[in-house]
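Each of the two complexes below includes subunit A, the first together with subunit B, the second together with subunit C.
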Partner chain A sequence: MFSTFYKKRSIGIVRRPSIFVLSMLVPSLFLVLLFNYYPILQSITYSFFKWSGGHKKTFLGLKNYIDLFTSSVFYISLYNQLVILVLRTIFLIVPALLVARLIFGLKTWAKASNFFRLIFVVPVVIPPIVVLLIWQFLLDGEIGLINSFLQAVSLGNLTRAWLGDPKTALGSVIAIGFPWVQGTNMLIFLAGFLAVDESIWDSVTLEGVSSLQRFFYIDIHLILGQLKLNIILTIIQLMQDFVGIMVLTDGGPGTATLVPGLLLYKNAFQYAKMGYANAIGVVLFVVILSLSILNSRIGKESNQ
Partner chain B sequence: MIDRNTRKRSIHSAGNLSRSLFLSILGILTFLPFVFALIISFKDIFQYTHHPFKPTFPLMWSNYVIAYKLVIKYIFNSILVSGVSAVFVILLGVFSGYVFARYDFPFKNTLFFFFLALMMIPTVLSLVTRFILVMNLGLRDNYLGMILPYISGGQIMVIFVSRTFFENIPNSLFESAKIDGASDVHMLFNIAIPLSLAIIWTLVIMNIISTWNNILWPLVIINKVELMPISIGLLHFKGQTQSNVGAMMAGYLIASIPLLIVFVVASKQFVRGLTSGAVKL
Partner chain C sequence: MQTHGVVAKEAFTMKIIVHKRRNTMVKKCLIVLLIAGLLMSSVFAAGSKESPVGAPQKMRVYAERFTPGIDRAISTLPPLRAFDDIARDYEKLFPNVEIEFYNFMGDHSNTSEYMSWITTQSIAGTLPELVMAQATELEGFKENEWFVDLRPYLEKPNPYVPGNKRWMDLFGEKIISTRLSSTGELWALPISLVATGIYYNKTLFNELGLEAPQEWEEFKHVLKTIRDKTDVIPFLFDMSTTTKASWAYRVFLSFLFEPLLPQIDLDGNEIVSTEEFARAVKFGILGAATPQHREVLRLLDEWKDYFQRGFLTAPATGLFNRGQAAMWWEGIWEYPVLEADPLKTFEVGTFYVPRITSATSKYVDDNAPMRMIGGASGVQLAVSRSAVDKNMVDQAIDFLMYITTPEHNGRIAAESKELAPIVIGAKGDDSLDSFLEQANNGITTFIIERFFSPEQINDWFRTLQDFLSQKISLEEATNRLQRIYVAAADLLIEKNKFVF
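So, the complex of A and B:
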């Protein structure tokens, strides 16, 4: 039995890959080369070209990048993205953390804590498109339920097309999903709390600090690893997820909710400026890659 | 008797009750939009304009009939696309994960990194060029235009997870099989895979969720209404039911049922799949 512990390596040492090894690997490798690496290399290359999708390409050097970084629309989209990133990250982290802590606090009452855990996980199962469309309906200017509610409590003067008004569009997009208890983040936090050694909790309880103080000064430190991880994963997800905004407002009205990902999409599929779109893609890639590297560093730290 | 009372008191302590109260309020707020969607789904347009909030009678079950007829084809498309993708994602991913775990060959680690690096590269980078590629392959408005890129991208996670898992299966199991004259294929299908069914199911569910919920790629590659998966079919459906809010909500709720069923059947794998983001890499 013990031999398995130090002999965990491969069975036979095969110098050349056997037919078995090759036949197992080739399908995966073929697909990845065709559908992943080929388009990736192409998009980096074509970011230096004028290209509308066909065979004709004109080399432009850095012009696409220069155009991008001197375009005011790009900075508007960056600003919107930043606002969304900051607020959505807070919204998707804080309520989840709070709920995880409360459910953890209920652990002497197993039935209740299991019940609430289930309650906050179930919404994760609802497809994002359904959540988006229901909220779009709630916020609708003509048939929306939020306006009906405002009228019912005689605040009719506040009614508006929430997603169609430049003043409220960005705020409405960010507010979607209220009260934002993100199930996945909640589960990760809960797992973090459960992994803390029992004796640490006991010693903390004895100190006689208020529960709010304890939450900010002690509890958060105990799950700092999970917190960092959730924040970065959320940011990476938010950077890539422009399709929600596309469904809700298509970046409008005007540029009120435009984000870089959507700018890429519009340039590629509406204006046929595919080279320029690729340049946006490369910029997004560099940012997301740096965050992913940071993420895996933190992942390794918190695993130790 | 005494034991029971003391236990009860500690369970229903003031702290526990206030925690439950607070969680209940948040829980109700979380479900509020869906509860309203449910209430509205039973209204015709007149009932909705006059009483938007409270339930009205008679219940308009006909909304569900209308909505069902419109969305069921999208659901079938999604089942087909996500189902076929998941099968091949698992097969190809497990095949590669297995040889990475148990065989030595030149450039093994380079090749592994070659797969793994893709986890760090956002799909948005190659969205445009992948679209052009799939179009040039003649796969636009074709199920394969969705399925093949889904397999290609989805297998990466499976390769990574199954390699780690297969490496931890005791070598002695394989050695004794080898002495009995078992072939490579036999060892894969009769030893490695049966021992890892739990993790494989988790990977299946994770993959189904991600392809089922993908909006962007179908939006780019599918224009024909008959081929749309539910994620973009609903956008088309929204346009068709603009004048009947009840049917619109009914359709949204019907669209949520398939994943809910998956969750009920395999909640353990589902939850494990959700939290795996934290252990990824």
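So, the complex of A and C:
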């Protein structure tokens, strides 16, 4: 009876520590609510106002959204963003996946595996602005290395003002970071491969499946969770990121590289139209959330 | 019963243990919450330090390229001290005031970046009391009351200039009028004059037997010769930002609309006001749909063939200094840098934008004066909300009056050598005299930054970029620009209640 009683009490004792855990989380929760959720709610609220950052606000109802959805510049920026999203997602996911699989294949050769892992991860620590400035120099129409190389190999007719020509500016921005082996993505994929049970790899080998079949029909399915995670994170990052474009082209020439994030920034800080900028932010939030949910659903169906 | 007693005793013991453990956990939770509360209160308290009573009031000043101690463009240029010395002399007059020079660490020439800083600091209430800002860019913040309208103060006498009855008289109404907002406020006081010029590689010109061109057709010949006979970029032109695009546009507008000026500039002061602009657009005298404006676009389109590759997005830094470009249109602030550059291997000359004559366009008057690109758009100081909150507006204005005596204004500008003084009678550096001769003819009559809102400036700029990159035709560019002109005129009429 005592032991039963003790167990009951034991169960009671096991429940008690959760109050302590909750109390440890409260300060963090407070800060997250204050610095993350509260600004989001404020942003949604201000999107219905004419506001330039000061104390005066004029309620406009849906006018900011109507102006936004009737603005041709917004649709141009959305189109540019879509192109960047599709192409850069492919560029940032596929090479990382391939490299991770190749490094995984070296798992029996530890030194080589560690060496290649290091080589592909070290660039992650380089500040992004440094990378952008290097690429700005590479792509320069007059003194850029790419044009110099093309001239050196007698392909001078291919030289361009890469960032200054509306025909090539968007493509040049998308190509930044070649060969696009994103270190963090590669590590996540590699972790996925390493987490798979050895017996599965052994049975696959015994089945006599070809490498290509194995990659498409087995490997990808085994790391579907990691793939989903990387895609979601890449989409979120690409939708929010405009700093690169701001540094390289400032959305130009014309509107050739304008994206919604940069449009938001200009409206907020150059045109003093914070309310309108908030409306852009809300629309971006809805788009990113929708893409994330869609990606999650597709991943779930594939799992099933 | 004994068993029941043992169980009861053990249960009682367990209750005591549980009770003690609960008390311990509650104590831990309380300690954690207390620490969190103390941390948060110290974070919030950190931003609310107040100066002790009786301590000098601090006035922070960000004066851009006049800031004492800033890194100069070339390290061989001596550090600036004049403004600091003048500030210390001022402190002797007002021992309760301490002037601190603030150094903005970003790129003040990058409008996006600089305006972000202005906006965020203004929202936080931490902007320096006197801060550099382009007067025409602050108009959008009018309803926020972030900056003080300095126009009324210009009617007062400057006590530091004996005999002065109106502070305005030290500058001249015309030059100040170029900095007024579309509704007549002056949001930042100019304390320097800028001029521009085309720097050219005199050594290369001599080798090719060329001379500095005076007229546009000569200029085209020079450009063509350099392109055909050398690998050097004929003309370095940075159109990655609106600044140089605005210069070129304003020069062409001035030349091409000069014959129509009597119909536009009704008060005859050779500065087109916002009312005159709106009226001229509404009456069809001024605008993109006019034949004169089509000439502006044609001239720009022809000229661009001699620019460097990527001129629409790449800043043109360094190419002229390294001898890779033959000509470069820049401000006088580059002159001391060029002179001091130890890596420059050629002689530098300057000339002003060549005159457009009837040989280039039938809409031009050959006797029209050469208008200056420049004026009061150099260092301008705004009195920010911080000064209002600290009850320091009168002090800030007084300090502005102190630094805009001919002696002090001349000293500050002459030491920097990068800009000219603006106060009448102030003496700047001799090396800039040739640039300033053009000021005698007045500055360009059409200052689009006064007519277009920041968003309209951006639309205007994007349209020019699309046109010059041949993404859109002349017709499409004309239509888009005309819509901007009309929208700008409508907005000005609405804001000011103009009636024509």
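The working rule: the second predicted complex is superposed on the first by the 246 of 304 C-alpha atoms of A that agree within 3 Å, B and C clash if a C-alpha of one lies under 4 Å from a C-alpha of the other, contacts with A are read in each partner's own complex, and residues count from 1 in each chain.
What we mean here is this: a contact is a pair of C-beta atoms (placed from the backbone, for glycine too) under 8 Å apart; a residue touches a chain by one contact, two chains touch by 3 or more.
Predicted, not measured: the structure shown is a model, and the values here were computed from it.
Enquirer: Scan A:Leu222 for contacts with subunit B and subunit C and give back first, second, both or neither.
Expert: It touches nothing on subunit B or subunit C.
Enquirer: In the overlay, answer first, second, both or neither for which of subunit B and subunit C A:Ile143 touches.
Expert: Both: A:Ile143 reaches subunit B and subunit C.
Enquirer: Let me test your reading of the model: by the given contact rule, A:Ile40 touches which partner, first (subunit B), second (subunit C), both or neither?
Expert: After superposition on chain A, A:Ile40 lies in contact with subunit B alone.
Enquirer: Let me test your reading of the model: by the given contact rule, A:Ala268 touches which partner, first (subunit B), second (subunit C), both or neither?
Expert: both
Enquirer: Classify the contacts of A:Met24 with the two partner chains as first (subunit B alone), second (subunit C alone), both, or neither.
Expert: Both partners, subunit B and subunit C.
Enquirer: Touch check for A:Leu78: first (subunit B), second (subunit C), both, or neither?
Expert: The answer is neither, since A:Leu78 touches no partner chain.
Enquirer: Of the two partner chains, subunit B (first) and subunit C (second), which one does A:Gly53 touch, if any: first, second, both, or neither?
Expert: The answer is both, since A:Gly53 touches subunit B and subunit C.
Enquirer: Should A:Trp135 be classified as contacting the first partner (subunit B), the second (subunit C), both, or neither?
Expert: first
Enquirer: Could you let me know whether more residues of subunit A are touched by subunit B or by subunit C?
Expert: B
Enquirer: Once the shared chain is lined up, is A:Leu87 touching subunit B (first), subunit C (second), both, or neither of them?
Expert: neither
Enquirer: What part of subunit A is shared between its subunit B contacts and its subunit C contacts?
Expert: 1, 9, 12-13, 16-17, 20, 24, 27, 53, 143, 246, 265, 268-269
Enquirer: Of all residues in subunit A, which touch subunit B in the complex?
Expert: 1, 3-4, 7-18, 20-21, 24-25, 27-29, 31-32, 34-36, 38-40, 42-44, 46, 53, 95, 99, 102-103, 105-106, 108-109, 112, 116, 119-131, 133-135, 137-138, 143, 145, 148-149, 152, 178-179, 181, 183-184, 187-188, 191, 226, 229-230, 233, 236, 239-240, 242-243, 246-247, 261, 264-265, 268-269, 274, 277-278, 281-282, 284-285, 288-289, 292-293, 295-296, 299, 303
Enquirer: In the complex of these two chains, what residues of subunit B are touching subunit A?
Expert: Of all residues in subunit B, those touching subunit A are 10-13, 15-16, 19-20, 22-23, 26-27, 29-31, 33-34, 36-37, 40, 48, 52-53, 92-93, 95-96, 98-99, 101-106, 111, 114-115, 118-133, 148-149, 151-153, 155-156, 159, 167-168, 170-172, 174-175, 178, 184-185, 212-213, 215-216, 219-220, 230-232, 234-235, 238, 245, 248-249, 252-253, 255-256, 259-260, 262-263, 270-271, 274-275, 277-281.
Enquirer: Which bits of subunit C are touching subunit A when the two form their complex?
Expert: 3, 6-7, 10-11, 14, 18, 21-22, 25, 28-29, 32-33, 36, 39-40, 111-112, 115-116, 119-120, 122-123, 140-141, 143-146, 233, 240-241, 308-314, 319, 324, 453-455, 458, 462-463, 465-466, 468-469, 471
Enquirer: Residues of subunit A touching subunit C in their complex?
Expert: 1-2, 5-6, 9, 12-13, 16-17, 19-20, 23-24, 26-27, 30, 52-56, 136, 140-143, 147, 159-166, 169, 246, 248-250, 252-256, 265-273
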